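Below you'll find a set of structures to go through.
Two complexes come next, and they have one chain in common, chain A, joined by chain B in the first and chain C in the second.
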Partner chain A sequence: MSQDTHPYIGFEEYSGHVPPSIPLAVQQATSRFVGGRAARVAELPQWEQLRQIGSDIRQHTIENMDVYLTRLEERVEAAGGNVHWAETAEDARRIVLQIAKENNVKNVVKSKSMATEEIELNHALEAAGIESLETDLGEYIIQLAGTGPSHIIVPAVHLNKEEIAELFSEKLNINAPTDPIELARIAREVLREKFLDAGMGISGGNFLIAETGTLVMVTNEGNGRMCTTMPDLHVAVVGIDKVVPDWESLTVFLKLLARSATGQKLSTYTQFITGPRRAEGEFGPKEFHLILLDNGRSKILKDPVGRDVLKCIRCGACANVCPVYKNVGGFAYGSFISGPIGAILSPQMLGTQAARELPYASTLCGACADVCPVKIPIPTILRHLRRRVAEGDAFAIPTISTPIRATANLASLALAQNWIYRLGARLLPIINPFFRKNNWLSDMPYPLSRWTKVRPLPPFGARFRKWWNVRSTKETESPR
Partner chain B sequence: MTNPVLENIRRSLGRTVQTPVNLRPDIYEPRVPESVDSEIAHFLDEVKKLSGVGQELSPSDIDSSLKTLVAEQNIRKATVCETPHLRQLGITEILNSLGVELVSPNANKHEMAQCDLGITEADYLLPETGTLVLRSSTEKPRGVSLLPRVHLAIVRPEMLRADMHQVFAESKNDNYLVFITGPSRTADIELTVTLGVHGPKNLYVWMMMGRRTNDAMNVK
Partner chain C sequence: MPKAQLFITCLGDQFYTSTLQNMTHLLERLGVELTFPPEQTCCGQPLFNNGFEDKTRPVALNFIQAFSKSDAPIIGPSGSCVSMVKHHYPSLFKDGTPEHAVAVDIASRTFEFTEYLVNVLKITDVGAVYPHKVTYHASCHYLREMGLKTEAKTLLNNVKGLEFIPLNEEETCCGFGGAFTVTYPEVSRSMMENKVKHIIASGADTVITCEPGCLMNVAGGLHKAGSKIRAMHIVDLLSSKEELV
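== the complex of A and B ==
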């Protein structure tokens, strides 16, 4: 969705009444992933070196993005694929619908993809009368339930097996048992038919290799393979930030991704797709379309601090360690991406107006930056965005009220001018007798009382300069 | 021809079409393989950790092992890749003699989906992660390792590679490649690990011993 039209994200309001089941379920998931990740990292003595290389390569790639995307387009086309550029989410939806229409597609199977969530593709397909089915088990469940994802890796973690069984019973007209293994078997059977009958498979992509024009997809369930192998048509919607220079550099990210995300050494299936199939009998689509999605990313590149968010490889490790995320879950972030990375991406992509609360959805504890496999300085970007939110930017008016900003400006002026500062230091003790109680200034007039009632000030009177002068004189005089 | 996305990127980065690209940062040295025996052991061990069944097998055991597999997994229909090595092992003949119906690996997808068992080789093996690397062609179509509920990979020590680097160096110009690391899995319902949600539920890897050469690991 574009900068101006995204609905306001009320993080604070939402987090005020999170259903208690959410933090419980989310923390079960995050603690498992945190433990798995820690075990994998401990096995790999060169982990820190790997992170540094990963960070360097991502930095290099975003700083030369035009070059690698140009190469990518050339190579995809040389392999017989079609490349489409989508400047906005609207463009991307239009391109997908057009491909579907040209091929008379009625049913679409989808593998989990952040990019298609970002452009809200399912709504557009349904509005055009095309059935669009999510096939990742978790995504399938939340699609049936009609809600959003609560976690990047396990999107339906907020629902328990009883709720899922009820959902299956109601929506599929069956009598579903409350056993996770049985529920997965039912989903396998239902979706198997859909894979075989679908006219088009839609996927995202984890990486795009510029060297050969290759789409890399990392999945565990096998639905990603189904979507890209069974239908005659494969459309991949991928953000322009997913490009990597070559296969050598890809090895670094494959080693970092699964370990950081789920604590696996590699996810079950990693596919490398370069254009459509070459022979009839080998399976795979006859046609391959790659939609390169900008949707605000090229604008993010302009901000040398904020642009580091585009280094992200979407592992979710930052969310798993975030004390705020663990207590509010994914919904609170009001967009397709949650957790600390969502808090720095959404304001830049959707505008600091709609997402202005998100940079504050953090304690700045820094745990996210410690685990990030590509070393994104998330707390630094959060502070940077807080400043943009407070002072306003090209897209938004400042959120801090005029009197407060005026006061802050005055204070910075006073603190910067020697004589004003000294004058203030002399004058302030005059007010002590009026507000002093038990050696504290606890009862200042409104609006200062809002602060002093909770945190009383010590009386003014410390003569720092005097003290300093005396001290330094003493030191010079004292024998060495 | 101007491309607005590329134009926007260049404007944001302060670059032009002529701006040269720096060399990308260096990466680390690839892994050095250990002895063939320890690489095999490492690989099979990883397969087991992933809930797969990994074992060494000599060609003379193939009859009895297939017989056990067919009985254990209640296999009625199977599809087998048409590679020289699998033909040489006489896989289709053995399955026939066990009363298993065979479906061509190039059959249409609905027919393939009826198969209980898919038998493939692998093109490369990665010991560190227990990964099978499969290329795609008419002889070894992508569906064989995906649609049946049981996947059996019959592999040989000379398929072992030290690291992904070697695999990519040999196969990056292919139009399709898949890494298979264990059976299909999900933990989407209450974090309960469930195998076989879309892909195969059971993965068997048989390392054929017998034809090993001493320089097997020197293949680059």
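== the complex of A and C ==
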């Protein structure tokens, strides 16, 4: 969805009613990834160097995106593929539907793709009467559940095995056990049939190599291969930010990605797709279509601070270490992408009207920036976007609420005119007796109630200045 | 004799008078000649971190004016407030302006309390005695923005009678985050409760932090949980002369 049309993302509203099962499931899964990542990083003494190289290549690429995209288009076409440019999500959906229509496609199999979640492709396919089936296990689960993903690489991370078994039982009309292996087997059986039937396979892509026009897919389940080789048509929807200059730079990202994402050295499958099959008898589809999705990215590119978000390689490591994400889950971010990276991408993609709460959905603890494999300065971009919300900039007018703006104006005045601050510090203890209980202040009125409903506040008691003055006077009177 | 200016921080000023007194005594005992510029208020971080950069500038100017009367180092008991001055003040003013030059100068001589002790004065044993089981919460800006990974622990390690107990998820945010506590109180609650749970499980009787903000949050959380564990600023522990039992 694009700017202006996206519904308001009420992070606070949601975060006050998080089902308790979500943080439990999320923390269990993410702590496994965090441990795995730490172990892989410890094995590589040159990890920090690798991150720096990765960061430099991504920086270079987004700054020269036009060059690499032009090269990519040329090479994909030279390999016999078709390149389509989609300026908006709507354009991308229309192109997919048109290809489907031209080829009389009734059934589609999909591999996991953030780009197709971004453009909400499944809804469009369904509306056009085309059956679209997610074949990644996590995506299959959330498709059955009718939701979007709640984590970049583990879309169904918010569900535990009991909830998945219940979902399978209800939707597939079976009696599903809670054993994960058994659940995977059930899904595999359903999916196998569909692969054989499908007229079109739709994928995303982890990288696009400009040098040879190659689509790179990094997966673990093998379904990606089936989607891209069994049907006669392969359509890949990929964000323009996924382009990398050449194979040499790709090796850096392959080293960084799986280690950061799942704690693997390399994912189970790494697929390289250069155009469709060239001769009868060769593997692969007859036609290969690459849809290059802009959807606001070239606008983001114009912002020298915010554009670093486009360096992202979608590993999810930032979410795995984010204490906010781990307590609210992915749906709180109200968009296809969640966690710290969602908090800096959505406000740029959807605008700071709909997503104005997201830049504030962080304590600026910085854990995300420490693990980001391409060194995106997430806290810096969060502050940058907070500024866009609070004061506005060249890209957007301020959208912050009037009471908060008024509070900030008042605070600025009181803190800059130190006599006001000092007077306030002397007056504040007056309110202590009204709320004091066991040397703590409780049940205070708004806005302090938002603090005291969670934990009590220490009593106000600015006595240092007076103490210092008395002490200095004494010292002057009777020097030691 | 080294000279220093006390930067008491607004949270320290409002809520932790005795910590500031302890910091004064401790630094003086270590031979530092202290001054206190009374014009100081707040570093402006609450405004800056919430997107009000234009509104931060006059607050930063007040700070800069207060502390530029002396060229002595500026010492504060908070990694977060110090980081604001050290890392963000220069970005508030245009390169080449007089304000920028002063901001850069002020930034270069502002130090967090433990950083000043360990890295500037080269003191790792302040002669404190504290015969207790102590665990440690690494505050986010102290740890990540200031890069202070070992300073507090080195100082704690040299306290007589102190038994150090590592904290599970030591480096995970406690849920303070300044205005975050009131912007998203329920998320702040979950994060605080998680921190408190680990502190209680550690078996320590004292938890140390180098940050007034985390201290308010964690101490309040422990109180609410009915725990008797003491949450303390590192300054107060280092000032302790409790007898060995």
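Operating definition for what follows: the second predicted complex is superposed on the first by the 393 of 480 C-alpha atoms of A that agree within 3 Å, B and C clash if a C-alpha of one lies under 4 Å from a C-alpha of the other, contacts with A are read in each partner's own complex, and residues count from 1 in each chain.
Note that in this section a contact is a pair of C-beta atoms (placed from the backbone, for glycine too) under 8 Å apart; a residue touches a chain by one contact, two chains touch by 3 or more.
These numbers come from a predicted model, not from an experiment.
Looking at the shared chain after the overlay, A:Q28 reaches chain B, while chain C stays out of its contact range. In the superposition on chain A, A:E63 makes contact with chain B only, while chain C stays out of contact range. Looking at the shared chain after the overlay, A:N409 reaches chain C, while chain B stays out of its contact range.
Ranking chain B and chain C by residues of chain A touched puts B first. By the document's definition of touching, of the two partners only chain C reaches A:V454; chain B does not. Touch criterion not met for A:D443: it reaches neither chain B nor chain C.
In the superposition on chain A, A:D232 contacts neither chain B nor chain C.
Judged by the touch definition given at the top, the superposed model places A:V328 against chain C, while chain B stays out of reach.
Chain B meets chain A in the complex at residues 3-6, 8-13, 15, 17, 21-22, 24-28, 46, 105-106, 109-110, 113, 128-129, 131, 136-138, 140-143, 146, 163-165, 168-169, 172-192, 194, 196-200. Per the touch definition, chain A reaches chain B in the complex via residues 28-29, 32, 46, 49-50, 53, 56-57, 60-61, 63-67, 69-70, 79, 85-87, 135-138, 141, 154-157, 160-161, 164, 180-181, 183-184, 187-188, 191-192, 195-196, 211-212, 214, 220-223, 225-226, 229-230, 240, 245-252, 254, 264-284, 292, 294, 298-302. Per the touch definition, chain A reaches chain C in the complex via residues 11-12, 15-16, 18, 23, 323-324, 327-328, 359-367, 369-370, 383, 385-391, 400, 404, 408-409, 411-412, 414-418, 421-422, 425, 428, 438, 440, 447-448, 450-451, 453-465, 467-468.
Of all the residues in chain C, the ones that touch chain A in their complex are 8, 10, 12-17, 20-21, 24, 36, 38-42, 44, 46-56, 58-59, 61-62, 66, 140-141, 144-145, 171-173, 175-192, 194, 216-217, 219-221, 223-224.
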